[in-house]
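In the two complexes below, chain A is the common chain; its partner is chain B in one and chain C in the other.
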Partner chain A sequence: MSLRAIKFGILGITVIVVAALGPFLPAKWMTTLTYAQLFAIYAMGWDILSGMTGQISFGHIFFVAVAGYTTGLLNLYMKWPIWATIPLGVVMAVVAGLLFSVPALRLRGPYFSLITLILPLAAARLVIILADWTGGELGKFGVAALCPFSDFKANQYCNYYSLWGLMTGIGLFLVWLSSSRVGKILEAIRENEEATEAAGINTAKYKIFAFAVSACVVGLGGTFSVHINESVFFNSLLSLTTSIEMIVASVIGGMGTIVGALWGGFLVRGGEQVIREVAQLKVPVGSEGLALSFLERWATFIFFALLLVLLFFARQGLLPLLLGLVKKREIRGG
Partner chain B sequence: MALLRVESLRKSFGGLMAVKDLSFHVEPGEIVGLIGPNGAGKSTVFNLIMGILKPDRGRIFFKEQEITYWPTYKIVDAGIARVFQIAQYFPRKTVYENVEISAIPNEIFIRAADPAPKTIQSCARTGLCPAEHSPDDDRCLCRTELPGMLPQGGLRRLELARAIGTDPELLLLDEPFAGLSPAEVDEISHLIESLRDEGQTIVLVDHNMRGVMRLVDRIVVLCFGEKLAEGTPEEVARNPQVQEAYLAGGGF
Partner chain C sequence: MEQILVIAERIVIYTVLISALYALVALGFTMIFGVARVLNLAHGAFLMVGAYTAWFAQQYLHWDLYSAFALAVVVCTLLGVVLYHGLVRHVQRSPIVTLIATLACALIIEELIKIFFTTNTQLLAPFISGSIEIDKTTVITNRIVAFGASWAAIILFWLFVHRTRWGKVILATAQDQEGAALVGIDVRRVYTLTWAISGALAGIAGVFFASWVKIDPFMWRDPLIISFAIVVVGGLGSLKGSIVAAYLIGFLEVLMTYSPSMRICTEGFRCFEFLGSSWVGVSSLLVLIAILFIKPEGLFGRAE
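Let's turn to the complex of A and B:
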């Protein structure tokens, strides 16, 4: 079986499981998984640029912000419908990606990464300076909802499955792209840019293309986030933590594998919630039972400690670890 | 018509003049040796031709078209390919995938030809796969082996395969024998000879004149970035200036 087929297979199984889980999820978990899907989109978007070409961006949340504020503010103040503002937001994110890629690609290694870090910091200041319009750190409510139902549960389902559709579409496209010839070249750039140029490849063109695709994917996620939250919310559109977590998700899942980033997204957003759930349990020890509620406060800490352990044992990430095991078995089986 | 023409090329790094007003040309079908002691500016000349470095002065023509300030990929597309002195490869791609990169067209949106036949051909021409397995056979080591597992000679073959995969009219070989065992030197010379017999034009850099005498039609001797002598291997070997430079620089 080719690697491409394996990736499509894993993607297919994952999205089918996520879709099938929907009706069985308690409200709390449905919200968690809705945001996990959103985050998985961000992580895959990060992966197609940084995971594949090795140009590590710390500032991808910037593209979320450009797309999110564009659609949110145009909808809020100009009363434009969301079917117009969402594409506009995405276009703005792509334009921002293209504008940024040209000077950024002249920089190598840590210089590139540092510049990407400055971008969301500058954008955050701008949002605060323009607080009259943007709502600053508090955000602005009253943006049109993605799903127009008055019933809470119907809305929740609608949000969940809208993001599911977006995530599935993006996942299929990116897995296809990453295993196409373009993907092979992006990987080659990561492994040895000089040799790629020497093979007659215009590496700058490919990196700019990856930038545009990446900004488009992350921007799409950003626009959905705004209309699901019905607000332009600073903490979800310009949080540096989210920007860093995109990297964590991709690294945990396996950089440059796309499907790995998707898994990583679920792991990062879902893992913490699992620990919080465990904290609700009582261990049947003694007559009273041992409450685990003390874990609640430690959930985030425990979660990150577990991630560190995971990275220690599977440095390349989960997906390559799994594929490596499969391959070993194949070789042993002859 | 010269295939490659270099005119009064000059490049300095700070106060060091690495290439000083160098002119030479390469005719189609020729093998030219660019010879000189270490630090004579040979690799710099290759970097200037490939667009990796920009010259301070001078011009480079390929098939009578000026390519002086072109980016590398465009120079490769025009028909010049280069094999690096220190092997440059993709460590996590298989040998086959390493060669495949040069067979992939430089187009994102246009659906172009399948790179497989070209890749297989390049592997076969450079003997990357043993004769009993053709490279399209899944049992061929090319398909599973990573470049890190190859001996030095194998890496040189890999680089040659990737270079000829771009269909070069001119092949630049930077010290193709450096770091090879005597047996590997023989193998790679045979490979270069077979490419020459197929009509491939080659410029070959080496600091050792004796090793390339047999392979080349013409030699350009560099010393401190300047052209010291030019001619057939016999003429150059008899040249007193060359002998002096080499003796002064530690001998042949």
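Let's turn to the complex of A and C:
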């Protein structure tokens, strides 16, 4: 089986399982998985640029913010309908990505990463300066909802499956792209940019393309997030933590594999919910039992600590690790 | 006319004062890059640890500020050594992994502080309270202390690097790691020393930064941005460039704070301020982005 077939297979199974799970989920877990899907979209978007080309971006949340604030504020103040503002938001994210990529890609390695870290910090200042419009750190409510149902449950289902559709579409496209000729060139750039250039390939063109695709994917997620939350909310649109969590997700799943980033997204958001659940429990120690509620505050800490451990011991990530095991068995069996 | 002179004088005095602190903030960051080629994204978090240590010693252990300050410097020195041996040493070969790992460290420290000390803003008592008049400008006395201490630390650092045996060893390693190893220098020990010094400098800067601004779990971001901006403008690894750049960035920040701002409003009573104190962080970010795009090797530095 080719790698491409394996990736499509894993993607297919994952999205079918997520779709089939929907009706059986309690309300709380449905919300969790809704946001997990959103985050998986971000992680895949990050992966197509940073995972594939090795140009690590610390600031992908910036594109979420550009798309999210564009659609949210246009809808809120100009009363434009969401079918117009969502594409506009995505276009703005792509434009921002292109404008940024042309000069940024002249910088190599750490310098590139540094400047991507600056972007969301600068954007955060701007959002606060324009607080009368953006609501600053508190955010603004009253943005049109993605799903127009009055019933809570219907709305939840609608959000869940719209994001599922988006995630599946993006997943299929990115897996296809990553195993196409373009994907091979992006990987070649990561391994050795000079050699790729020497082979007569205009690497800048491909990196800019990857930038645009990445900004588009992440921006799409951002617009959906705004209309699902019915607000432009600073913490979900410009949080540096989320930006780094995209790296965590991708490193957990396997950088540059797309499907791995998708899994990583679910593992991070699902894992956070599991920690919250465990925090509700009491360990039967002593007469009163030991409350685990302190765990909730440790959730983010645990994931960053996990990132460090993974960077140390399993830099290739989950998916390549599993694939490696499969391959070993094949070799031994054959 | 009188008015303008008063404002100009204030801008000059405040620039001179805050830029010294900024230079100190960036010093440890540029040193690690210059010697070990590592961009330590946890540098701002080092400052934060220093600030919280001093605050904790003062608030809970009821130490006086001088002992608290000493403790902060010791803790930060140890933190530098621990971070180097526990983490950076093992991932140093890949610059990208080092960046991710040190940034993760900064966020871990932020989380730990949130868990143990909440997100509330804390205040650190000044070394000397009150304020004095310089000509027509009122200056908080503690900021003059910070200015003096910053320059003292910078000059001591310079003397250490250029006048002592160990300083020369560090310089040699910075110039050529393999060459240094060949003449019998234990490179790993030099790196350990570098991280320790960088930690100590961050500890000093952290205490003064905290008494100048404030203490909260997010305070590591500003010093980190300032360090970036200064080090990128001045050229990574260049001490002289860093100090000039610190004055440039400091000047811009002070100019933003005291420049006349414009309040621009539209119908519906929505306003925003153009320039003025809310733009303080923006100037260094813009300078940083501009320099990185136009002249990535910095104004004074070597090309990387």
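By definition in this document, the second predicted complex is superposed on the first by the 298 of 334 C-alpha atoms of A that agree within 3 Å, B and C clash if a C-alpha of one lies under 4 Å from a C-alpha of the other, contacts with A are read in each partner's own complex, and residues count from 1 in each chain.
Keep this in mind: a residue touches a chain if its C-beta (ideal position, glycine included) is under 8 Å from a C-beta of that chain, and two chains touch if they have at least 3 such contacts.
Since the model is a prediction, treat every value here as computed from it, not as a measurement.
Legend: residue contacts after superposition of the two complexes on their common chain; A:Gly54 is shown touching chain C, with no touch to chain B.
Set against each other, chain B and chain C touch different numbers of residues in chain A, with C touching more.
In the superposition on chain A, A:Asn202 makes contact with chain B only, while chain C stays out of contact range.
Using the contact criterion defined above for the overlaid structures, shared-chain residue A:Leu292 touches neither chain B nor chain C, since it reaches no partner. With both structures placed on the common chain, the touch criterion links A:Leu88 to neither chain B nor chain C. When both complexes are overlaid on chain A, the residue A:Ala188 reaches chain B alone and has no touch with chain C. By the touch criterion defined above, A:Ile118 reaches chain C but does not reach chain B. By the document's definition of touching, of the two partners only chain C reaches A:Ile128; chain B does not. Counting contacts as defined above, no chain A residue meets chain B in one complex and chain C in the other. Taken in their complex, chain A has these residues touching chain C: 54, 56, 58, 103-104, 106-107, 109-111, 113-115, 117-118, 121-122, 125-126, 128-133, 240-241, 244, 247, 251, 297-298, 300-301, 304-305, 307-308, 311-312, 315.
Every residue of chain C that touches chain A in the complex is listed here, in rising order: 39, 41, 87, 90-91, 95-97, 99-101, 103-105, 107-108, 111-112, 114-115, 221, 225, 228, 232, 269-273, 278-279, 281-282, 285-286, 288-289, 292-293, 296, 304. The residues of chain B lying in touch with chain A in their complex are 50, 52, 71-74, 76-77, 81-82, 84, 88-93, 97, 100-102, 104, 106, 108, 115, 162-163, 165-166. Partner chain B is touched in their complex by these residues of chain A: 181-182, 184-185, 187-188, 191-192, 194-203, 205-206, 209.
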